[in-house]
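Taking it in order: structure first as structure tokens, then the write-up.
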Amino acid sequence: MSLWEYANPVKFLGLSARVQPYLWAAAAICVVVGLTWGFFATPDDYRQGSTVKIIYLHVPAALMAINAWFMMLVTSLIWLIRRHHVSALAAKAAAPVGLTMTLIALVTGAIWGQPMWGTWWAWDPRLTSFLILFLFYLGYIALWEAVEDPDTAADLTSVLCLVGSVFAILSRYAVNFWNQGLHQGTSVPVATGGRTVADVFWYPLLISMVGFGLLFLSLVLYRTGTEIRLRRTRALLARSRKDV
Amino acid sequence: MTLSIQNLAVARGGVPVLGNVSFAIAPGQALILRGPNGAGKTTLLRTIAGLQKPLSGVIEGADETIAYAGHADGLKAMLSVAENLQFWAQVFGHSDIEAALAAYQLGPLIDRLAGTLSAGQKRRLGLARLMVTGRRVWVLDEPTVSLDADAVAMFAAAVTAHLGAGGMALIATHIDLGLNAQTFDITPYRATADTRSGASDEAFL
Amino acid sequence: MPELGKYATEVMAAYGASLLLLAGLVLLTLRKGRRARAELAKIEAQRRG
Amino acid sequence: MIALLRRDLMLAFRAGGGFGLGLAFFLIVTVLVPFSVGPQSELLSTIAPGVLWLGALLACLLSLDRLLALDFEDGTLDLLATAPLPLEAALSVKALSHWLTTGLPLVLAAPVLGLMLNLAPSGFMWLIASLALGTPALSVIGTFGAALTVGIKRGGLLMSLLVLPLYVPTLIFGAEAARRGAMGLDPGTPLTLLAGITLGTIALMPFASAAVLRMTLR
């Protein structure tokens, strides 16, 4: 049995209904444990004081903001190549989640920046890149809303996602070139090869990141289900009009 | 080269409207499409012209041979009659617009801006466009809208001349053009449950 | 309650704003999902009935 | 292709064609800047390259929604899609005519406006060079945005939302080159990168635009 069978909307609904309770529970546990641990049980940083606690929100949200776009890119490609409806609808479902994650990353970044850099907003390359990502999410969602025919909307948004990805990467380099920023180096070890945060901060951060990831997954599965039901409603209505 | 359609199924906005449509048009022949409003004539014609993909079925002999004329004429109000026609002639790699002007008696209007023409005159210009494409198959959607009796006669003459030169025509129309042509009623071909496969929203049913 | 020191406002604001955004997202998602379910159920009932 | 270019240029220059609108917009925006930031000549001369680039970008954006929308409404796009000319070529020509009627006049007008904003003398050459290199990219990317939104009623605002983020790299490198030029620094690096973006978009974007337009016309 191939994975593509779950590209059938009805099969997908069945599977997603089975795994969703566990996912939601795991997501809730991880988010609550990670954030509570981070908020109540970690020491202050000797330089940053208690503001270091913002990391448990900021880093996972930023990570998911990028991952969500990456997931949309992959599902858009699958839609364009294999034309599986679930794939296109999953991309549509993920966009608002990614948008919210981007917003959280931006807001927490601004609040963190205030005491650290002495300003709410600095045109730091990373913050700026996230702002641009935010604009891409807005445009993507607006395009989905604006096109009436769902298949055309899926086609157009998929191409926008592809082209947008290229330009997002270009923007990232352009922004780096434009302003070497204030931002501290990356705190996530996979990116640098060596960990830059101490263990006391790292474990709650890890749990938080897993939690945000699971939360993202649960939300996307649920929202994809919603989109499938909306499409089914639309299809049934169209048929009943024709049959009368 | 014959234009042949086999088992064609077409959809409008993801919903199948016609299925199992088959016909063929040989050089020198015309086919008149008939059917009530909303039956799918326009969708069928746009599919044959290559503007949208069929759900299923085969269209043969349509590559680079079709000149399509839909509800809109593609005229620019700020260009003159001659400029409009010349533009389309050049796009299709030709330059001679005299025959087309003569066939629709557009000679006296040649320097008028298309925006100042009456609806019927615009339509005549839109139909004259077909003659400058040099394409062998004319696919026409309600070509006689806003034409008066004289203009309809001009159109019928132009189609007859086109057929006489080995051309083909597929015309959706309600009026009798006086052409020696077969008619094809699409009403019985309305999409039914078993011809619906391939519709884009089928997966959701 | 942990001792947040002089940055208490910032930390609380960050947690407050983030949790609010997350809660809003989850609520909107659930509301839209419920509506879609209800509408589909209605139409499926009509088709059968 | 030449016929299409000639027709588009002819239409732009005829009454109601919109030629000069972008230019007038550019002029007005630039003239409004001193009113909003004050008349100090040092300040103006610092921000001049950026203001001129932003003004040119907005002026390009302004005329984009006419680029394909008019041809869509009167059926020209349907007919072009069935013509022997590939849609990719047709859209490249459309972008070219947009650049000739909007981008090129902006490049030529920029030095005059630079004078009014007290642009440093060393900056003029680089301003013109960066605009001349960058505005074609704006036209090509804009054509993609126009193709995306052509079937949408009142798509103009949506198009701005989609196109502006795509303009970010071009704006950054273009304005950076002009700024470095004005400050007497070497603008070589940003100018090279800008040229890279322009060449890349000219080569690749028409395919994306044509793909998107085919999806809309269906």
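When the chains are written out, they are named A, B, C and D in that same order, and each has its own residue count from 1.
In this section, a contact is a pair of C-beta atoms (placed from the backbone, for glycine too) under 8 Å apart; a residue touches a chain by one contact, two chains touch by 3 or more.
Only a predicted model underlies this, so the values are computations on that prediction, with no experimental measurement involved.
A.B. asks: Of the chains present, which has its C-alpha mean closest to the combined C-alpha mean?
C.D. replies: Of all chains shown, the one whose C-alpha centroid lies nearest the global centroid is D.
A.B. asks: Among all chains, whose Cα centre is located farthest from the one for chain C?
C.D. replies: That would be chain B.
A.B. asks: Need the CA-centroid distance for the pair chain A / chain B, whole Å please.
C.D. replies: Their C-alpha centroids are separated by 48 Å.
A.B. asks: Please work out the Cα centroid separation of chain B and chain C, and write it as a whole number of Å.
C.D. replies: Going by mean C-alpha positions, chain B sits 53 Å from chain C.
A.B. asks: List the centre-to-centre spacing of chain C and chain D in whole Å, with centres computed as mean CA coordinates.
C.D. replies: 41
A.B. asks: Counting only Cα atoms for the centres, state how far chain A is from chain C in Å.
C.D. replies: Inter-chain centre distance comes to 15 Å.
A.B. asks: Can you tell me which residues of chain D touch two or more of the remaining chains?
C.D. replies: Residue numbers touching two or more other chains: 218.
A.B. asks: If you look at chain A, which of its residues touch at least two other chains?
C.D. replies: 232, 236
A.B. asks: For each chain, which other chains does it touch, given as pairs?
C.D. replies: Contact pairs between chains: A-B, A-C, A-D, B-D.
A.B. asks: What part of chain A is in contact with chain B in the complex they form?
C.D. replies: 8-9, 85, 149-151, 228, 231-232, 234-236, 238-239, 242
A.B. asks: Show me the residue ranges of chain C that touch chain A in the complex, using the header's touch definition.
C.D. replies: Residue positions touching the partner: 2-8, 10-11, 13-15, 17-18, 21-22, 24-26, 28-30, 32-33, 36-37, 39-40, 43-44, 46-47.
A.B. asks: If you look only at chain B, which of its residues touch chain A in the complex?
C.D. replies: 13-15, 191, 200-205
A.B. asks: In their shared complex, at which residues does chain A touch chain D?
C.D. replies: Touch residues, chain A against chain D: 132, 135-136, 138-139, 142-143, 146-147, 152, 155-156, 159-160, 162-164, 167, 170-171, 173-175, 177-178.
A.B. asks: Which of the residues in chain D come into contact with chain B in the complex?
C.D. replies: Touch list, chain D to chain B: 2-4, 6-7, 10-11, 14-17, 71, 73-76, 78-85, 217-218.
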